[in-house]
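There are structures below to look over.
Look for chain A in each of the two complexes below; its partner is chain B in the first and chain C in the second.
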Partner chain A sequence: MSLWIDKYRPKELSKLDYHTEQAQHLKQLVDGGDFPHLLVTGPSGAGKKTRVVALLRQLYGPGTEKLRIEHQSVLTASKKKLEISTVASNYHLEVNPSDVGIHDRVVVQELIKTLASSHQLDTVGQRDFKVVVIVEADKLTKDAQHGLRRTMEKYMSTCRIILCANSTSKVIPAIRSRCLVVRVPAPTNEQIVSILQNICKKESLNLPIQLAEKIAVKSRRNLRRAILMCEACKVESYPFSSTQEVSLPDWEVFLRTTANMIVSEQSPNRLFEVRGRLYELLSHCVPTNAIFQGLLRELIQNVDGELKAEVTRLAAYHEHRLNLGSKAIYHLEAFVASFMALYKKFLEENMADMF
Partner chain B sequence: MSAASKSKQKRSWIASSFDDDDFSTTTSNDTKLGAPTIYKKLKGISKSSKNPSLWSGEFVNKDRLAVHKKKAEEVEKWLINALTGVPGHRVLLLTGPAGCGKTACVRALAEDMTVVVKEWINPSSVYTNNSNWESRPWVPGDQVSESGAATLFREYVSRVNKYGSVTTVTTNPSNRDYNGQLLLVEDLPNVFYREPALLQDIIRRYVLCGRTPAVFIMSDAPQLEHSSTRLFPPNFCSAVGVTIIQFNSVATTLMTKALSEVCRRHDVPVSTELITCITEAASGDLRSATNALQFSLDFSDTTKNILLAPSKKKSRRKMANTDDISPAVATSTNAKDSALPLFRALGKVLYCKRSDSPAAPLPPHLRQEERAPATADPEVLLDTCYLTPPTFAAFLHQNYTPFMKSVAGASTALQYLCDADLILSQWADGEKLWSYGSVAARGVMHATGVDSGSEVSKISTFRPLVSPAFNDVTRTASGFLERVRSKFPTGSLHDLTSIILPYSSIIDPYKFGGLASELGRMAESGRVKQLQCHFSEHSREESVSEPIDYDDTIEEVSD
Partner chain C sequence: MHAFLKTGKLGSGGKGAGGSGSLKTGTGSANTPKPWVEKYRPKKISDVAEQDDVVAVLSKTMNGADFPNLLFYGPPGTGKTSTILAAARELYGKDLFGQRVLELNASDERGIQVIRDKVKNFAQNSVSSTKPDGSPCPSFKLVILDEADSMTHAAQAALRRTMEKSSRTTRFCLICNYVSRIIEPLTSRCSKFRFRPLGVAILEERLRSICNTENVNISDEGISALIEVSEGDLRRAITALQSVARLQSGREIKEEHVYDITGAVPQTWLRGLIEACASGSYDKLSAFVDDLMAEGYAAAQILLQIHDCIVEEDNLRDVQKAAVCEKIAVCDHRLLEGGDEYLQIMDLSCCLMQNLTK
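On to the complex of A and B.
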């Protein structure tokens, strides 16, 4: 049994649920026989990958669905062997180079080179180029992006590159200008509601509109999250009731408790306890920016209006430094500590005013 | 062990007299070529015409061995079995703390049995070897290729196996039965620490076809990656048939006896007080104890400058009181516990004693930052504890909270820890920035003084110092990530770990081989297991006897 997010993923451009006009454009683009390099951007859970897969199918036919996982090894300049796994069909190759850290330039270049150096066997029935899909392109190092720029030009005849990124701000302008930028905005709440209802209809379930709306709000316009939430709701209690609680991931609940602990007491001892909880989150691979966002969201709700701006500034400051530094725990804890200090001072001043 | 022996070799270029092992210097010419060398016996006393030889070499004698009788017998039995060709006696691994007489035991027994010891010593550099390979006589089967230390080692081992020693066969008409030879490996090439499989492969082959018994000697090292269990994992040893004999550190009585014996042999009067003192400080390391003894006795000698040369930095302050051999000198020369400097450094930073002299006045807007000067210098502290600045910062981070009196102070300390992290993670500028590693220490010291002021609180609670949990956490996390990647070759990790897997744990806990539920579910207690560090015992002692005067123990001799 596969998850609903995989089961009900539209496979063709014509079957997409929203941004249909854009889908039409993409279809026309591909039907022209050729297309430039693409840079698909949009928030997480907006349907970037879905569109890319559908586009490939439009381009090459159902052959793109026969996927195989390959483990490739690439040798760096310093003779270090890197293992990277890719997903490939006969027509395309999908890779996530952000796993190899600073060595991503070599990986990207080598993979494209090996793929692009061989032509398609049957050029009559097929296109004369293959496609490389690079996931999380905004996580590529600057070095890799510059390397990619050269590679893009060099193998233009045999290879097209589709980059998927959450935001274009981390993609260098040189790449942006070489690609056709396709922005995929997040679905609106109404769109999410209708998609959820469609899925439930196909599963022959009855989804009350109130619950669907509740899920849509809780999902923060992330369709993947919404569908997963809906499925989780179904597992937890079916038939659905409109007043049903929508469960959050464990770590979000955990983070909420942590935030409450921070607000309820400010002392070095509490800070130590919070550190233990942060470690717990980190050891479960919860992304650090998600921790920052979650903490901020919870803390903001608890503080007075005049502190909100300052707390947000602190979060932004520490998250920035986290990206510059190497050990996440220092910066997470520093944010917690500075919030505690700020909040305590604020409380003490208010107390003084009261008396 | 290899790091230590490396530096030992390096030092021998500068002042050979200080080397604790005469043999390495005498044979180094041959071994640079990686060729089999015949190990020459040198009686320590016979060399005394030159520079004063080290007394620690004198224990290489069966009667003078300070090893426990039973242990020595065990090794002897193995050697006899091996030399007479009893199966299953090909490779012996001796482990134990440094200076407990592993090598001395093997050497002495070998000498007693007139067995030739062939010892592998790391070539001082591979390049030397490559540049003058022509001067080396060509041996059939020898490859004229550039070879790394691992290849050299393999060739050496196989050659020991193939060719008997010419000299022994001809000159020694063998008064006993065992006139074989013995391969002694004490100094493994560094490659093997990175890839133990290489060494295991060589040993496996050696066990199959070797005729010469091989003895590997590994000192216990504090670091995991240098430990003998990593190079010789237990299942490998049992599968291949490597005998392991574990040595213990030299017992106090044995050491006292050995030390007084040495003194008697050299006609040096020595007080029992000094000997007890040295014995206590050495904590079972006979070599360092003997060195310390000789060192403290030679102080009034003219040779002291030569002896002092290699360790001048640390001993300079001791020069002042060379007139009387105080036991304190002897103990401070060889403080052995490797965790102790770290513990002291942490204590000095966290407790942060400040001097009575008034603080340097600051402008009004910085008034709240005013602190009396600290008694300890963080740069010196970092220097004396053997950790890299990032590790030291991690230790500080793990332990600073109980020492903070307010959240504001903790916040300040963390700010500096973050700064240190930023500085130290600039790997491109490498070691240069490491000299700024004391930012963390200085920051924490600054923060501990926030609201102490007049009431320097008498802290009496027990505060154990523990090692950072950070490494544990990263290990778990990277283990998870690896498993996630093996299930989902591409796709954003962010989405996987924050959305997909947590929800799939709700939908179907057994999905993805249980990975979903393991990753998605939090332990509600949320308390990361506190690692009991190996120095927790010291912390207990120290924290009971609070305020401690550190000044008389300021000198540490590392290594």
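On to the complex of A and C.
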């Protein structure tokens, strides 16, 4: 049995539930024939991938759904063998180059070159180009992005590239200049509510509007999260009640408890305990920026006024440094320690004022 | 091997990648619509706009003057690649182009070994100064190293030696965005040309002429918007134009349609952010930033545009503006180095809040 997020993923542009005008635009883009390279951006859970998959279907028909996973190996200049798995149909290929870390340039180039120089099987009614979908394009190294520049022009007649990214901030201008940027905003709370209700209707479930709204708010406009939470609610207790608790993902609960521990005691001993918990989060592959954001959101609740700005500044400072360093834990811990120092000082000063 | 690749010839690895690529671009049947950037790529050097210095020098060489080694640098979409390709085509004609020109770009392997072997072999032999049909042509070959800023320093050093040894038979043209990433011994051996961002008048003229040829229905504000968002990058302007033209399919293109596809943040969002800061409430601000990020606007773009707002903001004194602008610079730098978008925007907003409520 598949999860609701897969089961109810719209497959065609015309079936997309929101940003329907944009879907219409994409269809016109396909019909026009002179299809450009695309850079699809938007926050996670906004439905970028769904849109891209529907777009591919619009381009080539249902054949794009016959997917196979392939393991390719690519040789670097220094004869190092890289293994990468790709998902492909007869018409397109999807790859996440950040899987191979700093060697992403070689992989991207080899895949595109091989693809671009192989012809379409049957050209009747087909396009004379294939598509390479690059996910997490904002994680591409600068080296790989530079490598894409001329490639995108040179192989234009046989190959189009669709880059998916959370934001264009980390995509170099030379690449942006070669793409049509398609921004996919996250669905609004109302849109999420109506999507949840539709899904429940198809499952023959009765979803109270209050509960749907509660889930929408907790999802923070992330549709994937919302649908997962809704399905989890169903598993926990059905029939639904409008006052039912919406439980957050485990790691978020864990993070919240961690934040409470930081606020309730500031001492080397507590810092040591918190470190253990941070390790735990890291070992479960929770993205470090999500840890920072989560901690900040929780800690902020417990401080007031001027201090809020100061804590935000600390989070932004240490999260940035983490990206330059090699060990995440140092920077997470540094943030926690500097918060503790700040908070303790604040408490002591307030105490002093009271007497 | 993989069924996906069975559809045609396999592995371009063995062949000169540069060669196979340029063959490809030449084909492409006439009836398939071409992207306009390619369709309107300058065919002759006299078609190149704005870059008068380089056009003047290259035109002289067409009439027999000595052809120097060249280094083109400048921002994207200013005609660097187009210029050298057009020059090469004029020098050699279609037939000799494939034989006499070696184009290597960042997508080709260009480590030391390739420079030593491939470029050296190509550059070695001298060539005659007549075309097969007897008409004259230059007696040198041309190596184009596009996107040279992504070559390693070791490869650049190897190139320098190759360049010295083959100065009799071969000319080099290096192209890059950032000249600072090319080693000094190479830059000093080339005539350097900086490609300027294209001026407003030229952008307007090019865009209008494309609109005429392609029958695009666009308002004057639409054109101005294209010019504004392109920041002197003609490729970006043309790509944007073709996209809106396609999306509007015949309906008149207005300002907002252009802003829509270029990712520019609408003024209402920027005003909203400043108001949220001025409110002095952290919770309000945080909720607003959540919404702003959910709309999918890029943090770097927000910084760029908020900067303009700050400069004109009446409620800030000059010292305060300076403090906020410095913060913008810090956050922008951090973003480039991988900083989280939400955190950086929040950090900046808090700074703005402190200054607005003081």
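Convention: the second predicted complex is superposed on the first by the 355 of 355 C-alpha atoms of A that agree within 3 Å, B and C clash if a C-alpha of one lies under 4 Å from a C-alpha of the other, contacts with A are read in each partner's own complex, and residues count from 1 in each chain.
Assume a residue touches a chain if its C-beta (ideal position, glycine included) is under 8 Å from a C-beta of that chain, and two chains touch if they have at least 3 such contacts.
As the structure is a prediction and not an experimental result, all values here were calculated from the model.
J.: After the chain A overlay, clash or fit between chain B and chain C?
T.: fit
J.: Once the shared chain is lined up, is A:Phe272 touching chain B (first), chain C (second), both, or neither of them?
T.: first
J.: Figure out whether A:Glu236 sits in contact with chain B (first) or chain C (second), or with both, or with neither.
T.: A:Glu236 sits against chain B, while chain C stays out of touch.
J.: Identify the partner contact of A:Cys285: answer first if only chain B is touched, second if only chain C is, both if each is, neither if none is.
T.: It touches chain B, and chain C stays clear.
J.: For A:Asp250 in the superposed arrangement: first (chain B), second (chain C), both or neither?
T.: first
J.: According to the stated criteria, A:Asp128 is in contact with first (chain B), second (chain C), both, or neither; which is it?
T.: second
J.: If you stack the two complexes on chain A, which partner ends up touching A:Asp99: first (chain B), second (chain C), both, or neither?
T.: first
J.: Could you look at A:Gly325 and tell me whether it touches chain B, chain C, both or neither (first, second, both, neither)?
T.: first
J.: So, does A:Ser157 touch the first partner chain B, the second partner chain C, both, or neither?
T.: A:Ser157: touches chain C, not chain B.
J.: Mind checking the angle chain B, chain A, chain C on Cα centres after superposing, to the nearest 10 degrees?
T.: Approximately 90 degrees at the chain A centre.
J.: Using only C-alpha atoms, work out how near chain B sits to chain C after the chain A superposition, in angstrom.
T.: 12 Å.
J.: Quick check on the output: what are the common chain A residues between the chain B footprint and the chain C footprint?
T.: 289, 324
J.: Any idea which chain B residues touch chain A in the complex?
T.: Against chain A, chain B makes touches at 390, 394, 397, 401-402, 404-411, 414-415, 417-418, 421-422, 424-425, 469-470, 472-474, 476-477, 480-481, 484-486, 489-495, 497-500, 502-508, 511, 519-524, 526-528.
J.: Residue numbers of chain A touching chain C in their complex, please.
T.: Residues of chain A touching chain C: 25, 28-29, 32-34, 36, 41-43, 46, 68, 70, 72, 77, 88-90, 93, 109, 112-121, 128, 143, 146-151, 153-158, 166-170, 173-174, 176-186, 220-221, 289, 292-293, 296-297, 300, 306, 308-309, 312-313, 315-317, 319-320, 323-324.
J.: Can you tell me which positions in chain C touch chain A when the two form their complex?
T.: Listed in rising order, the residues of chain C that touch chain A are 2-12, 17, 20-22, 24-25, 27-29, 32-38, 75-77, 81, 105-107, 109, 111, 113, 146-147, 149-150, 177, 233, 235-236, 239-240, 242-243, 246-247, 249, 261-263, 282, 286, 290-291, 293-301, 331, 334-344, 346-347, 350-351, 353-354.
J.: In the complex of these two chains, what residues of chain A are touching chain B?
T.: The contact residues of chain A facing chain B are 1, 3, 5, 44-45, 49, 69, 85-87, 94-96, 98-99, 135-136, 222, 224-225, 228-229, 231-232, 235-236, 247, 249-254, 258, 266-269, 271-273, 275-277, 279-287, 289-290, 318, 321, 324-327, 329-331, 333-334, 337-338, 340-341, 344-345.
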